[in-house]
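Listed below are the structures to be examined.
The two complexes that follow have chain A in common; it is paired with chain B in the first and with chain C in the second.
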Partner chain A sequence: MRIVVALALLSALFILGPLLIVVPMSFSTAKSFAFPPPDYWLGYYRAFFADIRWTQPVINSVLIAFATMLLTMALVIPAAFAMVRQRFFGRSAMNLLLMMPMIVPHIVMALGYYSYFSHLKIIHSPLGVVLAHTCLSVPVCYLIIAAALKGFDRNLERAAMNLGAGPLRTFWEVTFPVLRPGFLVGGLFAFIHSFDEAVVAIFISGQAASTLPRKMFDSIRIEADPIVSVVSTLLFAAVLLAVLSPLLWRAIRQTQMKAVPA
Partner chain B sequence: MAQVGGIVAQSRSGRTAAWLLLLPALAFLAVFFLIPLGQVLYFSVMDPKFTLHHYAAFFTDDFYWRVLFGTFRTAAIVTVFCLLLSYPLSYAIVRLGGGFATVMLLIVAMSFWTSFLVRTFAWMVILGNNGPLRGILSALGWTPAPELLFTRFSSTLAMVHLLIPFMVLALYSVMKKIDHNVVRAAISLGATPFEAFRRIFLPLSAPGIVNGCTLVFIMCLGFYVTPVLLGSPREQMIAGLIGTQIEEFLEFGEASATAVILLCVTMTVFAIYNRFVGLDKLWG
Partner chain C sequence: MNAFPGRIEKEGRQGVTGSYLEIRDLVKSYDGRQQAVRGISLDIVKGEFVSFLGPSGSGKTTTLMMVAGFEQPTAGRIILGGREIAPIPPHKRNIGMVFQNYALFPHMTAAENVGFPLRMRKRPAAEIARRSAEALAMVGLGDFAGRQPRELSGGQQQRVALARALVFEPDVLLLDEPLGALDKNLREHMQVEIKRIHRELGITTIYVTHDQTEAMTMSDRIAVFSQGVVEQFAAPLDVYLRPATRFVGGFVGDSNFFAATGRPGMLEIEGLGSLSLPQAAASASGRYDVLVRPEAISLWRDGSTSAGHCVVPFTVTALVNYGDSVLLMGSSGALSLRARIPFVQATDIREGAQLQLSWRHADMHCIPAV
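On to the complex of A and B.
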């Protein structure tokens, strides 16, 4: 078992180490990707926040991801109700269609959107990226919302109806509040999926609707811009905060509980 | 399969309601997913009349065969290394539990949620000409240190790192359901701990191995960003080849044929998985 633990720790080091290297890089004064950094400063952070070629893609990405989230939820929530609660002809075909965007490689869809959206004249526009990202976000959002729906106890609805509530009132006062956390998680996944999606965005977002992953890709490929390390550090810090916050929350709650005399 | 909500599910109005609820998603995916996908299929065989010469061009050229074969080989290598690195980690997480498991799962989650581009950039720094790894190699006396970046090695290594979290999560979700008492029973009946692991735990964890390997292999087959940024330009993977055909040569016919080939390969792997395991198990 000791060997297994040693191997596990090595794997963990391999997983964690590369994530941490972007942090010192972002404070480096080096003009290219040199490590260890010759000296430290905040210049590239200042450059990042002052440069519209970097801030605009951030804004684009947030807006596109938000619109994708809303549109995906509007499509997936009703579909999930039908899929989970009804048995009908064509259900397994529909299930396949809902999951297909996850099966088809993104580069194949990037090619399809490139010519299709050129034809529709919505290439290099935020609208095109939102439409494409919505398709690609449907499967993961559907999986989460369908799982939440499967776990829902329909006796709650029957009880509400028995007590005289109509179908709409039952939905708004019983079904929706119980399922809200599942819906929110589904929406969050759609948001993140769009925010992180690179391949389709590289091919169809153009300069005008450039998303952050596209800007990072171009910047790494073409100019080796040190600002990439600033963006990477900020994104990593956001993940760190999101992943650790439940733990921190629990720790704070526990200290508060202990502080209260029994 | 058990009927959920018996009476409603049988009624005609229930079925009509179901289709009304599905209509927005169905229409949207038809217009913005199936049509562009269909266009790729269409352009792969039309130029401007029906032709198979895009496919003929692919299959008669050694270069394309090498790309296809190289993609398979890279995907297989990445899958094997992901499994080798993930299995002990997942096993230790399940067996030790407690604080160790929490910290390890946090590390995996951190990597899982960090964007592919951020992690690819990190490898760019590590393997770069002025990076720490070459520095260590030359400090150890390997001078001049070998070029690490823009090789098959660099993109393979980075893809292993990028895809490990998927493998760990697939293994972990199966391993945590294994009742460890069956392993203890085997030991109490005279098996050595290793024998008990090999003959009891390992077979029970097989569904996790199959799921993780299928996921990683398929994601690797269609990988675009990392091989393009870190890999050797002379040894492209198939997704990178499609990108080049679009961006540099504007060869939509050939790019479409290549895309259809990639799609067929991916679908074949899914079909094999579906035949033996069932597709619904892949995303649990």
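On to the complex of A and C.
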């Protein structure tokens, strides 16, 4: 029993290891990456927020990820409905095609985009990055939304129609609200996928549409700027907040429900 | 409490001329070759409680889906109150339906679920609130209006589904194996409940089930389905005592079948010999299946009259004790027989026992063999 616990702690430590180094380093006074830090201050945080060469990529990344999410959803939701609910010729070929971006290595995709988008004159533009990221986000988003749709009880739609709702009202009153959690998770994955993506961004984003991962890569490669550890820490904090806030919210709601007996 | 003023009066079967829901030569084929429903015709009277009884795959649910409008008939007509409804989309049919898995909307409370059909009909908010509260009270869930479906038990969900299907005063109520997922006690309770509501509202009801007991106890008439056709459409006792086909006799209740050949005034039963039977069917020539219910068979005591009875020797090969009765399984010569004897008369019967069994000629029902 003790061995199992020890193993679990060791695995946790292994996973947390990089964080244990990066987070203290972001508060370090060292001019470059040095561990352990000689002293602590908030100077690099100030530098990060004051420097447009850092804040601009953050804004770019958020906007590109958001646009990617919207475009991905606009493609994936109708596709998932067709794939799950209809039987048509070439359905399994279509399924394979939808999974393609997940199978082909990113570097190969990136090369393709590089030459193709140069030709279309949308390289080094946010539009190009959004299109490429959308393509890469489709498989994971499709898998999540198709799974949600497969688990959807079609009798709910029958019941809605039986009770007097036309096809459109049935979708908005029943199908969409019931599937909303699945849609949200699918959208979130598309957002994160774009926000995280570095390979394609390095190839095609250029200076004008530089995303945060690209900027971080450049920064490490060229200047070994400790601001990278600041960005990493902030990203980690953001993810932690995103993961913990629903749990926190549920806990608050439960205590409220207990306070007011039904 | 009466949620539906003006509907208590059961608009009796006598008061209305002809049928209210007419199904004419209905055919459904999914692939153009095999037919799930092969030409069904039924006339259902206003206010009637009709069960569709049959094994799975017999076409009963497909027929129900066509009445509800979720499936389009390949051929045939469905006429409701004199109006052809096959071209009308489901949301304009004004037919209430309870689904096997209840199909309650998980993101709405019980009251919102029940109010949904009224909201779709653009009723004022105050009326929706009042009528859904009344409908929930009718099914005994007045205090559960604010609950989400997942906070309700199976039986409670079933009641909400029933209230939701009735609150908009539909012309017909369809129930698709509504009690299938409930345990036995709850099922019996809900049977009584559904019958009570049917009595109160007098709504024309179609109840799909594969449970013959349910169909027997609840229905005004039963339509017995098999392989896409209706084998018999009659009152429960008629279906039980005078099944139209061998399938009906075998599906509803326990049965013994004997092969027989009819001659004028006589019936030659294989393994039993010739009998002269009063039944009309026996007067015609041809092949018959003769049905005797196991509970119509009794132990024959020496000295009692054998006039009007069949008396046969019987060897018990197995017996099942139900407490109130004992099912004897065994053979009489080449015939295999099942007999259900009251327990008090059967206390000393063991496997291998040699007995005499008898039944009245009047309890034999002749079905023309196909």
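One rule holds for everything that comes next: the second predicted complex is superposed on the first by the 239 of 262 C-alpha atoms of A that agree within 3 Å, B and C clash if a C-alpha of one lies under 4 Å from a C-alpha of the other, contacts with A are read in each partner's own complex, and residues count from 1 in each chain.
Throughout what follows, a residue touches a chain if its C-beta (ideal position, glycine included) is under 8 Å from a C-beta of that chain, and two chains touch if they have at least 3 such contacts.
Everything quoted here is computed from the prediction, not taken from an experiment.
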item	value
Chain A as common anchor, with chain B and chain C clashing or fitting	fit
Chain B versus chain C as contact partner of A:165, first or second or both or neither	second
Once both complexes are placed on the shared chain, angle at chain A toward chain B and chain C, C-alpha, multiple of 10 degrees	90
First (chain B), second (chain C), both or neither touched by A:121	neither
Contacts of A:155 with chain B and chain C, given as first, second, both or neither	second
Which superposed partner A:2 touches (first chain B, second chain C, both, neither)	neither
Chain B or chain C, by number of chain A residues touched	B
Minimum distance between Cα atoms of chain B and chain C in the superposition (Å)	6
Intersection of the chain A residues that touch chain B with those that touch chain C	none
Chain C - residues contacting chain A, complex	68-70, 89-97, 99-101, 103-107, 116-117, 120-121, 146-147, 164-165, 168
Sites on chain B touched by chain A in the complex	1, 3-5, 8-9, 14-15, 17-19, 21-22, 24-26, 28-29, 32-37, 39-40, 43, 85-86, 88-89, 91-93, 95-96, 102, 104, 106-111, 113-126, 128, 130-132, 135, 161, 164-165, 221-222, 224-225, 228-229, 239, 242-243, 246, 252, 255-256, 259-260, 262-263, 266-267, 270, 279, 283
Residues on chain A engaged by chain B in the complex (per definition of touch)	1, 4-5, 7-8, 11-12, 14-16, 18-19, 21-22, 25, 30, 32-36, 74-76, 78-79, 81-89, 94, 97-117, 131-132, 134-135, 138, 143, 154, 192, 196, 198-199, 202-203, 213, 216-217, 220-221, 228-229, 231-232, 235-236, 239-240, 242-244, 247
Residues of chain A defined as touching chain C within the complex	153, 155-156, 158-166, 169-170, 173-174, 177-178, 262
